[in-house]
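In what follows, chain A forms one complex with chain B and a second complex with chain C.
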Partner chain A sequence: MGGSLVRPVLLILSMYVFLKFVVPNIPGSAPLPSSLIFLYLMLTTTGIVIFATLSRESKDAFFAPILNFLTGENIGAMQAARYGFLILFPLLVGWQTYGSTATSDAPPAENRTIHPAPPGEYTGLSNPVSKTPENIMQGKGFYAAFCSPCHGGKFDGKGPAARGFNPPPANFSDPTTIAMLQESYLFWRIKKGGVGLPIEGMPWKSAMPRWEVELPDEWIWKIIMGEYDGAHQSPRTWE
Partner chain B sequence: MMQRPGMIERLIRFITESPAAVAAFVATLGVLAAPVVGLAADSGGASAVAYRDVPGIGSRNLVWIVAQLHLLLAGFVLGVPIFAWLCEIVGWKSGEKRYDKLAKEFTKLLSSAYSTTALFGGILLFILIGAYPKLMAYLSDIFFPSFMVYCALFLLETATLYMYWYGWDAMSEGRSKVFHLVLGFLLNVFAFFIMIIPNSWATFQASPVVIAEGSDMARAWAATWNPTWWPVNIHRLIANVVLGGYICGAYAGIRYLSARTPEEREHYDWMGYVGNFIGVFGLLPLPFAGYWLMREIYQYNQQMGITLMGGFLSWLFILQAMLIGVLFIGSNYYFWMGITHRIPGSELRYRRPILAMLVILLLCLGVWMTPHSLVASLEEARKMGGTHHPLLGVFGVMSAKMTVSNLMILVTFMSFIMYWRAGKEDTATWAKLANAVMGGVLVIAGIVVVVLGVWGYFVPAIVRINYFSTSQVLLVIFVMVTITPLTALLLKSAKTTTEMVWGKMPPRAGYSLVLNAIMVILLMTLMGYARSSSRVHWHVYGVMRDSSQYAFSPALGYAAALMAANTFMFCLIVAFIFWVATMGDKAKNTHGGKEKSGDGHGALPAMAGGSQTLDKQI
Partner chain C sequence: MKPANQIRQWVSGVGAVAVTALILSGAAPGLAQESESVSVSAPMVKGTLPVDDPNAAVWSTAKPAKFPMSPQVHWPNRILETTVKDLSVRALHDGTQVAVLLEYADPTEDPDDAAAIEFMVGDKKAHFAHGQPMAQVEGGPVNIWYWKNKDKKGVDMNAMGFGTLKVQTHQDVKATGAFSNGTWKVVFTRPLATEHPAEDTQLALGGFINIAFAVWDGRKDGAGDLVEKGSQKAVSSWWYFRAEAPPDYSGYYYAAFAAALALGFQFVLIRKLKKGQAA
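And then the complex of A and B:
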């Protein structure tokens, strides 16, 4: 009994092992959050149920062992396991309920918006500094002086001070960060820093200084050019 | 014993079967209400009242609910005539009466829903005038000419629908049938303009074009032709077909589940298939239209684009991915069940290709649903080095999403092709070559779509958006326009090895049709909220600020609850409309059944497979 259930159960277990233990050990990877593991396991289970219910025969073969187990018909030696399930299932539900309602000192999961919308006055801006090799070099120089301690000399978010910050400084060489944004967006973020973020961006969570008090606008525009050039990325444009 | 319908029943049937009367009533109210709006703008006292609240529920929530219900009903009413008319043409051209019958059945649902749509439109207008007088005065000042055009179109649409529905049987042969088809065409033309005029009002609020000089007509025209008007028009037109198709599919699914005779099962099984096909037909180009719309919004205003795609509304797009994913999987599941149940003995042959398609769909959905910023506890975020996963974070951006959505479209298209070819054997001498060409085109297109998707990370955003994403879409379209005619040519000479048997689908097929319809409704409520919320605290973006007590964006959980409530209410309304629409059929069937059987005991309905007699036959 239950032969048709062995493969689906093994598949789900293999998927869990892959996500929990294999993916984190791939070079350059990290452990997956439980929300993502749950999502992928749900997709796997959905696939199994869909495939098993395509025809009457496969549906019966898939559900018959489950129904037999629940009703106790023709399960032979599995009878003890059925009683065990009867006792364990309410305990499992109780444990889950306790776990989700008990007082905990763990902070809630984060839902911080990394790239919140900029204020209206910054949306139409374009870089007034001409894109010459000299200006780019100068921008890289300013970057090395003011930004690289956190964002790294290689623009990868791994500067010497980076380890002290949570959330960590942005990795500009990642194609999913500054390459997705317009130059005006970076101008706003550099100028106003962490404290200038709107509520959904959680201003108190960013240690980014408010550079407008130290740097003139022209320097900031040059830094932006240096960042894009150094990280081998291009800003989002519409032309 | 036959019961005479009661007063309420007769009233309901009069309202639902006389869309012209109700629509004309609402249109007249609209015309009458327009000067009231004008007066509100003229009088100094009225302009002082900017907002009126509705106790308990709040004016914003009330407008939200009524506007959403009106929009959903309108989507159905404007989408159904397109494929009802196409079905009628197919029936007329091929001489197959079942297509004509199907078109008439679609139109019956349409005529019943039309008056309810008009009623909700009227209610929405009154609530807007009452609760937002200042905004309405402003919009009326700009759009008054188009209000008049809209009312005129509404009357024309109503008269056309009246003639189209009530003249169906009288105009069923010869030249009068051609005239009937012309009426169907006009119905769609008027419906299209009825859709795009209010679209101009809504899109103006998001991307306004305001000119201070010129005539009233010039100002109205400039405001109408705003940057997001056409993207929304195209997106809504396609979405309406999808909504109409899936709702008709759900109607067929429910009728199939409650069928009492094998003939009914056959008919509603077939109707469910057609509904699902129409839904899928619209679903395939829908992501392209949505992508274009989002591109235009982003280009129009960076703030609005980021609010939607990267800001606090970005989580809605993860929900959207889930809903679209369920829709794709549900539609494919229905196709696959069609192969295994309607074509006896085909299960073993198609099991492997179906498994391959299912795996690809789930992998794509996994990528589509992976957010850029992950929900993680503090500890998990520390281990990842932030809320972006260093490896899977790349799935969270548009290059990956566009790639997998194109692949899902390709797989769904191939599901349909497989269904089309199932139970048939090629006899053409060039069949091998054609199959090799089709296989080659499909594989090469799939590989190129993935390569462009990966390459998209290494080029400037504008290159990806303007060239790579467009190329991916063109490739998918190329696959469709290559494989569809080739398959049609092959099937012309193909030998049918196994006849398709209708009415053999299991109850879960009916439920999957209902699920698909609910997914589409939820999607429309979700995206309706996203479009409206992207204006944040502006009635008219950058022009007229929302200074009411509701000038804040509701929490996503609160919004989700209201979307779910809207979906539930819409389903209730649709169920009520369908119940009324089929009241006459049931009375006829009961009467006919009694005459045939001579006894008063009908079989139990097969809802959820509950009919032992009918289920034993399959």
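And then the complex of A and C:
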């Protein structure tokens, strides 16, 4: 007995090894959450059972060793493994139940939206300041004075004042920040600051100042030009 | 039985156990990971709460949470560099009162050295900068517990926006500081619950509430003026605070019940299978 189970067991084990250890190492991939691995293993198991029960003969061949293992009939040296399984199964069920019912020590999960939708009046605005080297240079000067303490002299979000803030100041050299956004979006964020964010942006946590009370619009537009130039990024456009 | 057959049996038997374990454990929540400090946890002490003793031995039973500090650059008057870069926080409670110990490095003891703890009050979120108004979110007030070295006491305050900081008419907070070898230890104490839920944060056991910190180094510059004062201070972001509830063993009871059910299921199943095989 047992021979017909070797291949399914090996298949499921290989599937687990593949999902857990191989997939995360594929370029551009990421580690799979355990719930997804569980789902894939269940699908694999379902496929194996469907395949094994296509005919009466294959069904008997598949289930007979399982039934024999559970009842302990004619399994010889497998008795030890059987007892191990019979002890392990209730323990695993208990462990699983404990994990899902015990009180958690983790603080509430926070799903903060990093780039929430801007208010209508800020969509599609174009920068009214002409992109001359002088204006860009002036924008970089304003950036150094007002923005670099947090966003960093290298536009990398690692300014000397950044470390205590959560969420951390944006890293403009990261292609997922200002390169994904239009200039009008930056204008909104700089002007209204953290407190201007909608609820999904968790405005109560942001240290971004509301610069509209301190800087004229023209300076803000120049800062935006300086930021893109300094971080070697281009604003997103619809073309 | 042939040896080859025996080996195959072992492979499939052990494999079946392993696969079951994998599938079951795959669905189980991951083991608790060593997390960075995002929360201060206050365990319950059985003996006396060290309400005015920053050096009491019982503090070592509370796990320290470490938070980075930034100079306050969010609103004027700003400051671009502050003395205190990190803060270590421990907390304890005795079911009636809570005690929070702030610990930080400061090279010199000055009369104007000061520290503060800020909490949100009630269900509404409040901005970490003194609960200033937010454009699209109706915010709530913040409750601030303040201590200054030369005053030798705690002050219970509220704010809801810049320039609205107000000392409460009812003072529930006590604070004591001790300076030694370039380190400040400051203990704040207050009853877990007060009779003023609109002004005072209420610390329900087991619940997470938002907490933030501020520290002022009271050193003076060459002209004799304070370098860190008012809004010019070291600040933290919002983190979490929890006064731990008494231990809850219900998870163990549920687990024992589920394991017993699984055992019973196995027993009935195998009995039925054996009857079927015999027939």
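The rule we apply is simple: the second predicted complex is superposed on the first by the 150 of 239 C-alpha atoms of A that agree within 3 Å, B and C clash if a C-alpha of one lies under 4 Å from a C-alpha of the other, contacts with A are read in each partner's own complex, and residues count from 1 in each chain.
Just so it is clear, a residue touches a chain if its C-beta (ideal position, glycine included) is under 8 Å from a C-beta of that chain, and two chains touch if they have at least 3 such contacts.
The shown structure was predicted, so the numbers you read here are calculated from the model rather than taken from an experiment.
Colleague: Looking at chain A, which partner touches more of its residues: chain C or chain B?
Modeller: C
Colleague: Is A:N166 in contact with chain B, with chain C, with both, or with neither (first, second, both, neither)?
Modeller: both
Colleague: With both complexes overlaid on chain A, does A:I50 touch chain B (first), chain C (second), both or neither?
Modeller: Once the two structures are laid over each other on A, A:I50 reaches chain B alone.
Colleague: Of the partners chain B and chain C, which touch A:L67 in the superposed model: first, second, both, neither?
Modeller: In the superposed model, A:L67 contacts chain C only, not chain B.
Colleague: Which of the two partners, first being chain B and second being chain C, lies in contact with A:M180: first, second, both, or neither?
Modeller: The first partner, chain B, only.
Colleague: Check the residue A:L5 against both partner chains and state whether it touches chain B (first), chain C (second), both, or neither.
Modeller: second
Colleague: Quick check on the superposed pair: does A:G120 touch chain B, chain C, both, or neither? Answer first, second, both or neither.
Modeller: first
Colleague: With both complexes overlaid on chain A, does A:L215 touch chain B (first), chain C (second), both or neither?
Modeller: Touch partners of A:L215: none, neither chain B nor chain C.
Colleague: After lining up the shared chain so the two structures overlap, which partner does A:G28 touch, if you call chain B first and chain C second: first, second, both or neither?
Modeller: first
Colleague: Thinking of the overlay built on chain A, is A:P107 touched by chain B (first), by chain C (second), by both, or by neither?
Modeller: A:P107 contacts both chain B and chain C.
Colleague: Is there a shared patch on chain A that both chain B and chain C touch, and which residues make it up?
Modeller: Of chain A, residues 34-35, 106-108, 166 contact chain B in one complex and chain C in the other.
Colleague: Would you mind writing out the residues of chain B in touch with chain A in their complex?
Modeller: Interface residues on chain B, with respect to chain A: 299, 301-304, 306-307, 310-312, 314-315, 329, 333, 336-337, 340-341, 347, 351, 354-355, 358-359, 362, 365-366, 369-370, 372-394, 396-397, 457-462, 506, 508, 542.
Colleague: Can you tell me which positions in chain A touch chain C when the two form their complex?
Modeller: 1-3, 5-6, 9-10, 12-13, 16, 34-35, 37-38, 41-42, 45, 65-67, 69-71, 73, 75-78, 81-82, 84-86, 88-103, 105-108, 149-150, 160-166, 192, 194-199, 202-205, 207-209, 214
Colleague: Chain B touches which residues of chain A in the complex?
Modeller: Within the complex, chain A contacts chain B at residues 23, 26, 28-36, 39-40, 43-44, 46-47, 50-51, 53-59, 106-120, 123-124, 166-168, 174-176, 179-180, 182, 184-185, 200, 234-239.
Colleague: Quick check on the complex: what are the chain C residues that touch chain A?
Modeller: On the chain C side, the touching residues are 1, 5-6, 8-30, 32, 35, 38-39, 41, 67-71, 73-76, 80-81, 85, 125-129, 132-137, 139, 206, 208, 234-240, 242, 245, 248, 250-252, 254-263, 266, 269-270, 273-274, 277.
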